[in-house]
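Below, chain A partners chain B and then partners chain C, in two separate complexes.
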Partner chain A sequence: MHAHFLDPYQPRPSLIHALDPRVKLMLALAFILAAALIPIGAWPAYVLLLALALSVVMLSELGAGFVLKRSALALPFVLAAIPILFTAKGAPLWSASLGPWAIAISDAGAQRFFSVLLKSWLSVQMAIVLAASTPFPQLLLAMRAVRIPRLIVAIFGLMWRYLFVLVDEVLRLLRARAARSGDPDAAAGMGWRKLTTRLTARRGGTLAWRAHVAGGMAGNLLVRSFDRGERIYAAMTARGYDGEVRAFPLPALPAGQRIILGGGLALLSLLVFLGYLV
Partner chain B sequence: MNTGFTAEIEHLSFAYGDGHQALRDVSLGIRPGEKVALVGPNGAGKSTLMLHLNGILRPNSGAVRVGGLTLDDKTVGRVRARVGLVFQDPDDQLFSPTVFDDVAFGPIYQGLAEREVRARVARALADVHMQEYIDRVSHHLSVGEKKRIAIATVLAMEPEFLVLDEPTAGLDPRARRGLITLLRALPQTMLISTHDLRMVAELLPRTVVMDGGRIMADRPTAEALADAALLAAHGLEL
Partner chain C sequence: MHYAPAPMHIPDGFLSVLISVLFWIVSLAFMAYALKRVNQDLGEKQVPLMGVLAAAIFAGQMLNFTVAGGTSGHLLGATLATVLLGPWAATLVMICVVSVQALIFQDGGLLALGANIFNMAIVGVMVSYFAYQTIQKLARGRTWGRYVGGFGAAWLAVVVASLATALELALSGTSPANLAIPAMAAVHTLIGIGEGLITVGALGFLMGARPDLLKRQEAGAPAGRIVWVVGLVIALGLAVLSPLASSHPDGLEWVAEQQGFIGLAQSPLYNVIPDYAFPGINDPALATIVAGLLGTVLVFAVALGIAFSRRRRTRAAAG
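And then the complex of A and B:
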């Protein structure tokens, strides 16, 4: 039982996959920064940004459907932007009164809201392409290259490694519970016996009892993880770990990759500039 | 001080923080090239003893010497370079994102140059016949593969003394056979804690029986395994 489904990496023979992970990480971060910097309501610039994002998705060969489905994950976060609709000052587009309260959506509010929606949706798409086109170990190397502190990168690495071990453990626990969650024979069939069984022995137990079991499982998992942490630390110490994170120096970025990085950064700066012009 | 032993334990006693006395006056000497089995029921103190050989646990009383070095705060780093400790659960041993990172961990911490590290990783993976796994991700491996990689992670440190905790536990017969063949080919001095007495009979000429934190017997394997009373007294089965 292995939780491979958690790994976002999707191998494809695409140009995006072949890029140096450092270039990918820097360009993805630059894209998100550019999206954040383009002013509210600069719709022509947004269209160009959308075109850029779509080209990257197409080039990555991940399939637009795959990226769109995953990007829906970002939708709940948009809820946080909903108040903008009502709070921004401007000409009202729509209003309603709820008893003593009156609420109105203003044109400025709508423009801001849809700008934020589009920007965050595009940014999430870039993050999805980055994660799906770069194996995680390479992403860790890229994080080191952009000077994210080594200790934090090491923690990401351990987290990623043990996420799968932990989820495997959860799946085993759930399977063990499922294997012992049977129905009594008497619960099958019709009639009087079934009714009495239902009344006297509730199948699946009470909600409180089930919550108790789930709580026990969560506690069990915490204790197991804690013990595992101790053992991992012992294993690291046994091989000389002394609290300092060490790794090889990274190889230099090839000239071709530098050109792609420079070109990408220039394009994104141009987009931001255009955003201020329109 | 060189006593002619690869590892020497003298009157070692140890109690855990909760007061549980795990080791009581344990003395044991292992000579260069010896292959020793450490057997006994669960809770006998086998794993505790092994953790002492690497300085992860420190004795309450007594001493541990490895390769002529008495283990203390000053020598612990050099002792760890001499002793390759392989933990029972390979998921504890393999903590890096890729197989390469894991095998390179020990050599990097020894401060070796990148070229030497790469050479050692290649050699260690070749020793366990896993060269083609170098770029693989640890959680995609089978238990048998993980066990082999776990052994490679310590071989890369070029230790003189290998200490393995239950290497054949949880392996299917084919993976177990492969692992025994692998261990037979390794020249290092070895101490193997195990319940697998058939492996002991095949691989390890000397057997140390532990129970209740004490060493109960230390004999040639053939003799120990022929002693039905000894095996029965300590819950061992061939």
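And then the complex of A and C:
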């Protein structure tokens, strides 16, 4: 049982994959910053930003379906912005009365709601392309290049290395619990029957007891991780680790990559400028 | 699969640039101080231990339990990390967890990461520490103090973090304070109970299996005076600000407008619509639609062009 399903990296022979990770990280951050800087309701600039994002997605050869599916992850947060549709002051676009209450969607509210939605969706697409086209060790190199403290990068690196081991550990814990306490979800099969079983099945014990069991698993996981951390430290010490995180110096950015970085930043600045112009 | 995003990670686009940058600065300051403190306390052990425990908290967030009707509660872990590691190491661990969630799993945005770190790593840990220490002091070392403290700290940390999230959204003009704050607080009052119950379960297990892990942290407690005060200030500040903000949403919006960023965000909107007037089209709505259609056609032309040229190239390479 391996937890590789967690690793978002998708190897493809694409131009985006071939970019230097430093350029990719900086351009992705610049894109997200540009999306945030473009004012609410500057639709022409948004359309160009969308064109840019779609081109990058296509160039990355990850497949629009893959990116769309992953970008849906951020969707539930839209709930937080829905009230703005009704509360922003402006000319009403649509109104309805629910008994004693009257609700109205204002034009300003709609502008802001859809702007936030689009900005958020575009930003998440860029983050997905970055994560799916760059192996994590390369991303660590890029983080060092943008001056994230070396210790933090080292901790990220170790975290990534043991993430899959510990996720496997959690999956084993969950499987053991399912095997011992009769998981009605697992027994229910698929489809409609699964749904009705999930809704109506009697769960073992009280809610507090179930939470207690999950808590025990969490405690168990932490104890094992503490011990694992000690063993890793001992192993690292045995191999000469003295607290100093050493790394190879980063190679200089080739001229071609510099041009791509400069061109991308210029394009994004132009888009932000356009956003303020219209 | 098992990976479920928590409702507290703010994606990009929901926070104004000013708020994002402000919280990045606060979070970076806390991170620098936490790094310094952990370096003093743990020395060369910090990288392996922090790395593995960050991975453990990340993986531990998959541990869930069924609540009712197909919903489930799951662990967030800030309180547990605080109790086990002390405030500064826990801050560092939670910063790593939240950052990797944003960077790799797009759970929370990158520009919004500063705010997410503040809510989940800094507020979560500081408030946990404040509540846990206070309740333990009140219990004078009796066993119930540990459990009540764990439950109270976990609950309070989740609720206060959700208030911080709602306030950030309100300050950004994305979510009106009078709706966002009560809604976030109500949802997280329930989520907090789940978190509290799991934390108590974990503490019970640790008390039975490895009491030394809990005691080791408590032996070195006096170093946490600053953290206790910061936790108190955050908890009290948000507890006072949130009802104020939600009962005077216009006040908050007024503050935001005074600072200029809502105005900045909105002013183009009103000036723009007449300017959209497409040559020959007088109706602004129609002009907008035409501009939108043209833009969309442009987008697909660009994207399709690139795709075709790529395909031709790969076919040429294959043949």
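What we mean here is this: the second predicted complex is superposed on the first by the 223 of 278 C-alpha atoms of A that agree within 3 Å, B and C clash if a C-alpha of one lies under 4 Å from a C-alpha of the other, contacts with A are read in each partner's own complex, and residues count from 1 in each chain.
Just so it is clear, a contact is a pair of C-beta atoms (placed from the backbone, for glycine too) under 8 Å apart; a residue touches a chain by one contact, two chains touch by 3 or more.
The model shown is predicted, which means the values in this text are computed figures rather than measured ones.
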item: First (chain B), second (chain C), both or neither touched by A:136; value: both
item: Which of chain B and chain C A:26 touches, first, second, both or neither; value: neither
item: First, second, both or neither for A:240, with chain B first and chain C second; value: first
item: First (chain B), second (chain C), both or neither touched by A:271; value: neither
item: Touching partner for A:67 - first (chain B), second (chain C), both, neither; value: neither
item: Which of chain B and chain C A:248 touches, first, second, both or neither; value: first
item: Chain B versus chain C as contact partner of A:77, first or second or both or neither; value: second
item: Partner chain(s) touched by A:16 [first = chain B, second = chain C, both, neither]; value: neither
item: First (chain B), second (chain C), both or neither touched by A:157; value: both
item: Comparison of chain B and chain C by chain A residues contacted; value: C
item: Shared chain A contacts, counted only where both chain B and chain C touch the same residue; value: 136, 157-158, 160-162, 165, 228, 232, 236, 241-242
item: Residues of chain A that touch chain C when the two form their complex; value: 5-6, 8, 28-29, 32-33, 35-37, 39-44, 47-48, 50-51, 54-55, 58-59, 61, 70-71, 73-74, 76-77, 80-81, 83-84, 87, 108, 111-112, 116-124, 127-128, 131, 136, 139, 149, 151-152, 154-163, 165-167, 169-171, 173-174, 185, 195, 198-199, 203, 207-208, 210-226, 228-230, 232-233, 236, 241-245, 276, 278
item: Interfacial residue positions of chain B with respect to chain A in the complex; value: 51, 54, 56, 77, 80-81, 83, 85, 87, 89, 91-98, 101, 104-106, 108-110, 114, 117, 137-140, 153-154, 157
item: In the complex with chain A, residue positions of chain C that touch it; value: 1-3, 5, 7, 9-17, 20, 31-32, 35, 39, 43-56, 58-60, 62-70, 73-75, 77, 80, 84, 92, 95-96, 99-100, 102-107, 109-111, 169, 173-176, 179-180, 184, 194, 197-206, 209-210, 213, 249, 264-269, 272, 275-276, 288, 291-292, 295-296, 298-299, 302-303, 306-307, 310
item: In the complex with chain B, residue positions of chain A that touch it; value: 2, 4, 135-137, 140, 157-158, 160-162, 164-165, 228, 231-232, 234-242, 246-249
